[in-house]
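Take a look at these structures.
Below are two complexes that have subunit A in common, paired first with subunit B and then with subunit C.
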Partner chain A sequence: MTVADVLLTAIGAVVVGSALLVVTTRHIVHAGLWLVVTLTGVAALYLVLTAELVAWVQILLYLGAVVVLLLFAVMLTRAPIGARDDLDRPRWPGVLVGLGTAGSLAALLANAYRWDKIELPAAGTAERIGEHLFRSWVLPFELVGLLLLAALIGAIALSRSGDE
Partner chain B sequence: MHPVFPFVVAALLFGVGAYGVLVRRNAVLLLMSAELMLNAVNIVLITADVTIQRTLKPALPATGQIFALFVIVVAAAEIGVGLAIILRLYRLRRAVAVDEIPLADPLPAGAVLADDGLDERS
Partner chain C sequence: MSLAPYMPIVGLLALGAVFSLISVTIAPFVGPRRLNRAKLDPYECGIEPTPQPIGGGRFPVKFYLTAMLFIIFDIEIVFLYPWAVSFEALGLFGFVEMVLFITTVFIAYAYVWRRGGLDWE
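What follows is the complex of A and B.
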């Protein structure tokens, strides 16, 4: 067990625990706030795994944009404030499928990697990732820009009021 | 670093997300669970990137991290459009519980959409 292993285990426990709270809490707003904890934990995992740029993009985009959008949606759909008991359907199919996917994926990946040990590479800083991004991945990068534009126009067209 | 730790965390996170998608009734909570699953996939991509860098020496370095960046951007686009659809649904049906949406009941032609004060031009 190295320092990275201890950190990964601790942060992983926080991530999975808060994710469980996201899907089980009876307050809709609390689910959004626990999602903040989960996403921050995932960003911390990226930092430990040397993916520096991805971690900051995660904080910027997920915490800065996605969570705010979700909380806006909670407010705009007049979600009930306070605990509600009717947020869940019958649980057992979900428990079955969730445990099945988690268990089989974990078994598959654990079997593939056993107890291998690797050295962490140099940090994926903005400079290093940006160099690859603008050298080998320029076309997908531009296509993603186009996709964002299309999503923007689609969202505006969908949320326009009235059908004139 | 043992890559098995982040991989198992990702698998558990994906299972939790799948549970949420199947069990939650509110459409906004459904989107949150979908985000959990996307994050699990990103953890796998980043860990595989770090692991494969060291063992296989791929032709393009840092591919996993760049894929993760693309996934994050596409997830942001998905959330934008998804929330627009949910708001539209709320205006039509006054509810966002996914199991209360009838699959086939067309609104009568010329039906007036519910005015909930959200519309600027009413």
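What follows is the complex of A and C.
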């Protein structure tokens, strides 16, 4: 076991534990806060796997923006802020879908790599990602721009439809 | 990449955790307990707290637009970062690419502006 193995296992345990709390807590705002722990843990995993830029993007976008939007959604809608027992949460279908996804992903990975030793690629620094992204992935990158355009127009349409 | 540059951050996190833990555990033992009504009230920036928040605790939907605007431009900045780092290596092609990308997002910005998404009232 190397240091990286120990770190991956420990952080992985934290991620799985807090992810379980996200779906079992009776308090919808707490679920959002546990999601912060989960996503931070995933960022730490990226960091251990030397994907430095992705780790910081995870913190910037998922923690800084997506979780905030989620909590906003709670405050904007009639979602219960306090603890509730009757949160709409179909248990068994959820367990089934979660285990199914985890199982099939694990099977896919196990089948792809068997017991081969894989050399880690060079570290995912901003420089390497920049050169790959803007040389080999030009079209997807420009499509992301269009997607952002669509998202903003959608947001305007949703939030301004009532007050013409 | 080694994780060595991150050791100061880990140290800082540990220091912060230890400091807050010590403060929270020691405070009940050494602090004087002279409570009055004002101290027990929830703190709302000096405003008298109301039992029910205005609008049943719901926020105007305008905040959603603000959050969306924030996310969109957050994503844009995230792309600018690796682009700026490898700007020299990419040359003119990378520059044109980024101009196209920023133009696309700017169209969205202009649209939001025209539709009055930036006005609060």
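Assume the second predicted complex is superposed on the first by the 135 of 164 C-alpha atoms of A that agree within 3 Å, B and C clash if a C-alpha of one lies under 4 Å from a C-alpha of the other, contacts with A are read in each partner's own complex, and residues count from 1 in each chain.
Operating definition for what follows: contacts are C-beta pairs under 8 Å (C-beta built on N, C-alpha and C of every residue); 3 or more make two chains touch, one makes a residue touch a chain.
What you see is a predicted model, and the numbers here were worked out from it, not measured in a lab.
Trainee: If we overlay the two complexes on their shared chain A, which of subunit B and subunit C does A:R114 touch? Say first, second, both or neither.
Mentor: After superposition on chain A, A:R114 lies in contact with subunit B alone.
Trainee: Taking the superposition on A as described, I'd like to know which of subunit B and subunit C A:L76 touches: first, second, both or neither.
Mentor: Both partners, subunit B and subunit C.
Trainee: First (subunit B), second (subunit C), both or neither: which does A:Y46 touch?
Mentor: After superposition on chain A, A:Y46 lies in contact with subunit B alone.
Trainee: Is A:G64 contacted by the first partner subunit B, the second partner subunit C, both or neither?
Mentor: It touches subunit C, and subunit B stays clear.
Trainee: Scan A:A102 for contacts with subunit B and subunit C and give back first, second, both or neither.
Mentor: After superposition on chain A, A:A102 lies in contact with subunit B alone.
Trainee: For A:F134, select first, second, both or neither according to whether it touches subunit B, subunit C, the two together, or no partner.
Mentor: A:F134 sits against subunit C, while subunit B stays out of touch.
Trainee: Counting touched residues of subunit A, say whether subunit B or subunit C comes out ahead.
Mentor: Comparing touch counts on subunit A for subunit B and subunit C gives B.
Trainee: Output check: A:A19 vs subunit B and subunit C. Expected answer is one of first, second, both, neither. What do you get?
Mentor: The first partner, subunit B, only.
Trainee: What is the contact status of A:G32 with respect to subunit B (first) and subunit C (second): first, second, both, or neither?
Mentor: First partner only, subunit B.
Trainee: Which residues would you name on subunit A as touching subunit B in one complex and subunit C in the other?
Mentor: 50, 53, 57, 61, 65-66, 69, 72-73, 76-78, 129, 133, 144, 148, 151-152, 155-156, 158-159, 162
Trainee: Which positions of subunit C touch subunit A when the two form their complex?
Mentor: Touching subunit A from subunit C are residues 1, 3, 6, 56-65, 67-72, 74-76, 78-79, 81-86, 89-90, 93-94, 97-98, 100-101, 104-105, 107-109, 111-112, 115-117.
Trainee: Show which residues of subunit A lie in contact with subunit B when the two form their complex.
Mentor: Of all residues in subunit A, those touching subunit B are 2, 4-5, 8-9, 12, 15-16, 19-20, 22-23, 28, 31-32, 35, 38-39, 42, 45-46, 49-51, 53-54, 57-58, 61-62, 65-66, 69-70, 72-74, 76-79, 86-89, 91, 93-95, 97-103, 105-106, 108-110, 113-121, 124, 128-129, 132-133, 136-137, 140, 144, 147-148, 150-152, 154-156, 158-159, 161-163.
Trainee: Can you check the complex and tell me which residues of subunit A touch subunit C?
Mentor: 3, 47-48, 50, 52-53, 57, 60-61, 64-66, 68-69, 72-73, 75-78, 81, 123, 125-127, 129-131, 133-135, 138, 141-142, 144-146, 148-149, 151-153, 155-156, 158-160, 162
Trainee: In their shared complex, at which residues does subunit B touch subunit A?
Mentor: Going through subunit B, the ones touching subunit A are 1-20, 22-29, 31-33, 35-36, 39, 42-44, 46-47, 49-51, 53-55, 60-63, 65-66, 68-70, 72-81, 83-88, 90-91, 96, 99, 113, 118-122.
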